[in-house]
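Okay, so chain A shows up in both of these, paired with chain B first and chain C after.
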Partner chain A sequence: MGVQLTVGMGEIQVVRGAGNVLTALGLGSCIGVCLYDPLVRVAGMVHVVLPQSQADKIGELPGKFADTAIPATVQRMVEMGASASRLKAAIAGGAQLFQFGTSSTLDVGARNAEAVVAALRQAGIPLLAKDVGGSVGRTLRLLSDNGLVVVRTIGGAERELATLGSILASSGVAA
Partner chain B sequence: MSAQPLPAYTEEQFDALREIANIGMGKASAALADLVGTTILINVPQAVCTPIHSLPGILRDPEQVTAGIYLQVTGDLAGHATFIFEVQSAHRLAAMLLGQSEVQLDEVTASALMEIGNIMLSAYLTAISDFTGLQLLPSPPVMAVDMGCAILSAVIANMQCLDDYAVTIATDIYDSGGLISGTFVFLPEPGGIGRILEAIGMG
Partner chain C sequence: MNTAAPEKLQQLVQTIRDLPALPEVVVRVMRMTEDPRTDAQSIARVIATDQAMAARVLKLANSAFYGLPRRVSTLSEAVVILGFRTIKNLAIAASTFELLNREIAGYWLQRGELWRHSLACAIGAQLIARRIRLPVTEEAFVAGLLHDIGKVAINLFVREQFDQIMQRALQDQIAFVDAEQAVLGFNHAMAGGLIAEKWNLPPTLVAVIKYHHQPSTAPDHDPMISIVHLADVLAITLGIGIGGDGLYYHFEEDTMTLFGMEQADLDDLCEQIVDQMARAVSLQEQPEVVLQ
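Up next, the complex of A and B:
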């Protein structure tokens, strides 16, 4: 039967087959990246915390940084039988929860979103939908049945962001 | 929590950190009690080295809507302090402080809550300064209302934490009537823990 996995900060989770759900709880300035291969139903999610890794600080969590997270997740998915060329992506997060004074403006959320979009483009993965920016946290879910991506914010119902498994969804959004 | 302390710190050193946090939180909770006129209780602080992916696990319900008051600490050591109050508790605290029976979460309330954070953190830092001789200063507070784990992840991202682990000092704050419930989380910058331990001769 399917599993339900939580994807913590910097973590990568990859599952194969129907009935699985991957969840990133309360993404603030972090970005949750959903990747999906519809043919073999391999679903991956990574919880990106920062835009850029430093060579000596990658540690055991390549998923933490946008530039290392996408290649690492793709590799894990390929090991599970996915094809890199079939992957589709959707992303959510990158909010700025705290409004700092103008002097210390350091919008990690926006920089994260930019870096993730760039990393997906570099990997040649179409980005079908994104829900990024703003000032509210998001919980992101990816269903392995059909690549359905849903987003929830506080005080709001879950809403559909994309279905990565749909045959109609073949082109990327302008990024 | 299942996190193992990093080998860099011994269990005795973590005990010392807990004790220092306890002294600080004692003063902070007393400051809050003075402000709102009710008895405020705290748990014995936890001091652990946590993998960052499991950090939201220090919250009872990571998805619960909370008011997070975030202050940076500067001075002899840098750190990041966050008070996370369950949103109903935040309403009650603000109402108590403003002397009203009920409040909406608006700018006045937010400002009152940030002031609560400021006063509590100042008390916490003063107590630790007195004990260690280190000079610690709070920055102006900022506040957000959102899921607790979103608040924590925003703090982690803001501190540009590049390590896989973070030394986490956490304490629950509550009252006996079950009206107030919150968590205080202090995340020192890497190197900060070493400086505290050195200051008390346990480096």
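Up next, the complex of A and C:
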């Protein structure tokens, strides 16, 4: 029997085996990062809130910040039997307040996306697909069967973003 | 500004009329806290007449939010420790839970999502008030909690015309709330103002609810309106209780100048909101036994 887990803000969830589903609900400027090792079917998701951790605040919720979230998730996945070198990634979120002709100082969504991409690159994990930016809320799901990543726009359509377990999934789009 | 077709406006007025009144208990507590002769015992007695509310008030009082050094088990103790003002606000929060916890399908909000958004905004407003050293953090909490109450009233109207409203927002490059106005002839802020008036809420709360999307248009520039505006922006940006209207929201950036804030302050606030939400009390659980 698989489990269905919700990944709250700043949380990391890792599951192993088929039949599990990880979900991040209501991604605004936050980024949901999906990581998957197809060989052992270890799936991980982290709900990143802000780009950068501050030295005095690391510890309680490493998943909150892009720079600490990726290493912490990888570590949890490796502890569950995954190999860091087999991991593939897909991300969604990073929305911004709609720009009404003026520049916005509240650009945390864009900074988050940038920081997550950089952290993945640093970890050497190929980023196969991303659905970031815009002014919509998103819901992100990762299926542990095959690494299928599904994004739903709140109030809009659902679409398959990537299958991280596909044999064709080898190179990155933006890493 | 577009005006509503008369029959539609009539329907809205009827919908608002059909919404539950604020419980008598809250009305009485609000009145009592204004009266200098009131004592803690009598407030506790009034709240205790409504068991469900009493349970929620106690639960909120014991939440990590107030950081009490030990568990409070009776209402009168809670009133003494937290003070009249806080108890009044807890009573308002407890009494609006049912309404705010509803599914708001027009905005694609599942049951509980509007409550989460409202709570995040309440927490944010309180943090902002504290940061700018305004001595009204309790009021800020309630104002943040109630700012979107109008969504409950216009839910069905929005559900019927969600696609048209969204299309209008995209086409005219306007905020969703302004597209509501353009398509329906009214918006959730205005509807919320009507509810607040029906409930005889204090003028500041009415103004916050009415003008939380555009503090600059408020006749009185009460800083509370800007506080809730910024808190709402942060909660939406974080995606807490985010609906189909997404981030189609016009942020009055002067708010940051007004409060002397910069990017780093907003990041910091976001982080604190997330931390406090993680500890936020769930009012859905079974009420505990209440001792007066």
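Quick note on the criterion: the second predicted complex is superposed on the first by the 165 of 175 C-alpha atoms of A that agree within 3 Å, B and C clash if a C-alpha of one lies under 4 Å from a C-alpha of the other, contacts with A are read in each partner's own complex, and residues count from 1 in each chain.
Keep in mind that, in the parts below, a contact is a pair of C-beta atoms (placed from the backbone, for glycine too) under 8 Å apart; a residue touches a chain by one contact, two chains touch by 3 or more.
Quick caveat, the model's predicted, so the values are computed rather than measured.
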Clash or fit, chain B versus chain C on superposed chain A: clash
Which of chain B and chain C A:27 touches, first, second, both or neither: both
Which superposed partner A:112 touches (first chain B, second chain C, both, neither): first
First (chain B), second (chain C), both or neither touched by A:141: neither
First, second, both or neither for A:130, with chain B first and chain C second: neither
Touching partner for A:88 - first (chain B), second (chain C), both, neither: neither
Which of chain B and chain C A:49 touches, first, second, both or neither: both
Shared chain A contacts, counted only where both chain B and chain C touch the same residue: 8-10, 26-30, 49-50, 57, 61, 64, 95-98, 100-101, 106, 108-109, 135-137, 154-155
In the complex with chain A, residue positions of chain B that touch it: 51-56, 62-63, 65, 68, 70, 140, 142-154, 156-158, 160-164
Complex contact set, residues of chain A against chain B: 8-11, 25-30, 47, 49-50, 54, 57, 59-61, 64, 95-101, 106, 108-109, 112, 135-139, 154-155
List of chain A residues in touch with chain C within their complex: 8-10, 26-30, 49-50, 57, 61, 64, 93, 95-98, 100-102, 104-106, 108-109, 135-137, 154-156
Interfacial residue positions of chain C with respect to chain A in the complex: 107-108, 113, 162, 166, 173-175, 233, 236-251, 253, 256, 262-263, 266-267, 270-271, 274, 277-278
